[in-house]
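Here come two complexes built around subunit A, the first alongside subunit B, the second alongside subunit C.
Right after this comes the complex of A and B.
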């Protein structure tokens, strides 16, 4: 760490960088305002972009002051974290990939570096190199902070959407007095099948259902885990005193089940939802007959 | 034959009698001793004769542990005995989920949503062990 071998009069390179950043903050902000990252995010006025750039420079100076130029968790960054997140999000919305945003952030370095070189041209070359390295590391850390922030935003979004999916994707439909159905769509994982089981069981109890139909037409693949979840749901429904019918097993899934050697022997299956409903109605004794010719217009 | 049915002391699950059926309501806080006592009382009552079915209402049970799971599994096994058929009625969803996750799927156990449905089930299927369910679609 170059910034620790100080001792001499000029002070640590990090502090040199800090002094430079404080001295030149206005110029740096002005130059950054012309860079695509600031120009495209702060479109209202140039003044706004300069203001944002100044905030970032201040944060960098504070981090350099604490000599933790390599630490993305340095306290100095927390002030601009939100702003960086907003800028990153704006660029992502404009259709840029994470790598492109990152290279735009990298493009902030050269103008500052040129200023630094111009400022310290009378210093010894080693000294200049040390300061330049410290600045580069600092800017690299800034880039890391921005990407970290963007990533955590994305993570939060994904978590939120997963929750929404859990809520939305498992409706329990009442098909008839005493018959409820759950059309399952999409891949079943443990968390989802848990939700399915809970909502289905509650619906069975609330609606005094005697039959529950699990329609898996929309489930793309069935592995042993999914099959186990299905079996558990079927067993739980049976424990409540209702009967569970699984329908909509596509040929490919049927083959997979046989290949995996899964035993669905105790599960009642029907080809389609209509067949399952027919079976349940039959068991309930609610016979549906074709309308007599010339009779009332009823199904 | 009434002495076995008419002494519900504290810490004991009373076994009632309705015609040929013995309805039992499990309390929410069933513990070891009570469960043992209940099994004994039930088998004694069945041995006395004239009983065709036992209905165990567990709608008051909100939490099930491995012990209660085992009690239910044993009751289910008892259900295979010829004298009286056992029906478990009114299980709560949370209890069902727990039992399934404990691996106690109770394969032979007859279940019904309510005690009424259980009585109906017992009355309807007199001789065959496993006949089709209801005919009338009354809720």
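Right after this comes the complex of A and C.
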């Protein structure tokens, strides 16, 4: 990208902007403290907001010093990245959209630009324009940095939630003495399958289960990877001396499996969870007496 | 066509999460075009296989979806492309049970059986593009093109 401030001339616009920022640091911070972005985030005291503003001005001056006003990765920004993220996050929590946060960031430019224009009043119009442009670019980059940081926070949050979901979404239910079941819901990718398999195998061991039912009613797509995971789980359960039954294969999925050419021949399947349970109870030799006093009579 | 709005798209395939978007998009698009539940499921499953191949074997890429019409019959066309290593022996890759990794080797051949039209363009060293089309009713007869 073309730099406006090329050459090592002592009067490079970026350096003019740097000097201006250092000179006017206090005034800029004071003006920003009245802008919504600072005012609503730093609510303990006005001094707190001014302090935060000074830190940002300081960072901007350092970036200008390195003449990398267009570079969001400029080292000068690193000192305020975390602070910008906290400010952005606070505004999002207050219900602002990303676009609104972005325009609050944009609103930081005019007061600074007005100060710059006043300061460089005596300069040639050409010179003033160059410096004003450098400042505008620099503030635009600040906005980019803030938004990037906010986005990576959101990414980190969704990653954490995904991990949590992996853990909570695989409950093992004890249906009967010796029969456990896992109702699977959602996407069965490799990470999820791993968790399901571990949870189920542990339950089989802990509960001395002879049957494990995998109910896939809530799994929207069964492709070759999902099928492979199911078969691996079935094999592992078998190694523990128990039998695995897969239930809840919906008609559309059954047809698709056939076309796909998957051979689930070694897997015992039942239409619904109730059928699967019935099968397991039969095999266990349990004797169910409907609504009899004393409930079900089991072996 | 107003249906094109929710149908035409270009989605990145760079992570497991992207595969979820691909499946969801194909399901919504197919439903919007009037595919039956079974046909939706077939197309979504084929998309899932091809998108994962793009990710795992092709090193990532994208899927483009387009609405197509022939003789009053509507269809959905999906194009998966990557700039990965390409497929050196396509016949072998299409045969059931062949895998260069630890898969079942059913993805490519299976996807072909799940759709009406299936074309692969692959250049060793520069990438692979798989284009599939399925029609809402039956595939149009005597099509010279595609």
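Operating definition for what follows: the second predicted complex is superposed on the first by the 236 of 299 C-alpha atoms of A that agree within 3 Å, B and C clash if a C-alpha of one lies under 4 Å from a C-alpha of the other, contacts with A are read in each partner's own complex, and residues count from 1 in each chain.
Assume contacts are C-beta pairs under 8 Å (C-beta built on N, C-alpha and C of every residue); 3 or more make two chains touch, one makes a residue touch a chain.
Quick caveat, the model's predicted, so the values are computed rather than measured.
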item: Partner chain in contact with A:228 - subunit B first, subunit C second, else both or neither; value: second
item: Subunit B versus subunit C as contact partner of A:220, first or second or both or neither; value: second
item: Which superposed partner A:252 touches (first subunit B, second subunit C, both, neither); value: second
item: Touched partner set for A:262, first subunit B, second subunit C, both or neither; value: second
item: Which of subunit B and subunit C A:187 touches, first, second, both or neither; value: second
item: Partner chain(s) touched by A:177 [first = subunit B, second = subunit C, both, neither]; value: first
item: First, second, both or neither for A:285, with subunit B first and subunit C second; value: first
item: Touched partner set for A:28, first subunit B, second subunit C, both or neither; value: neither
item: Subunit A to subunit C touching residues, read off their complex; value: 187, 189-191, 220-225, 227-228, 251-253, 255-256, 259-262
item: Residues of subunit A defined as touching subunit B within the complex; value: 177-178, 197-198, 201-202, 204-205, 208, 210, 232-233, 235-243, 266, 283-286
item: Subunit B - residues contacting subunit A, complex; value: 88-93, 95-97, 99-101, 105-107, 109, 111-114, 117-118, 132-137, 139
item: Subunit C residues touching subunit A - in the complex, by the definition given at the top; value: 16, 19-20, 23, 27, 37-38, 40-42, 44-45, 48-49, 52, 96, 103-104, 106-107, 109-111, 113-114
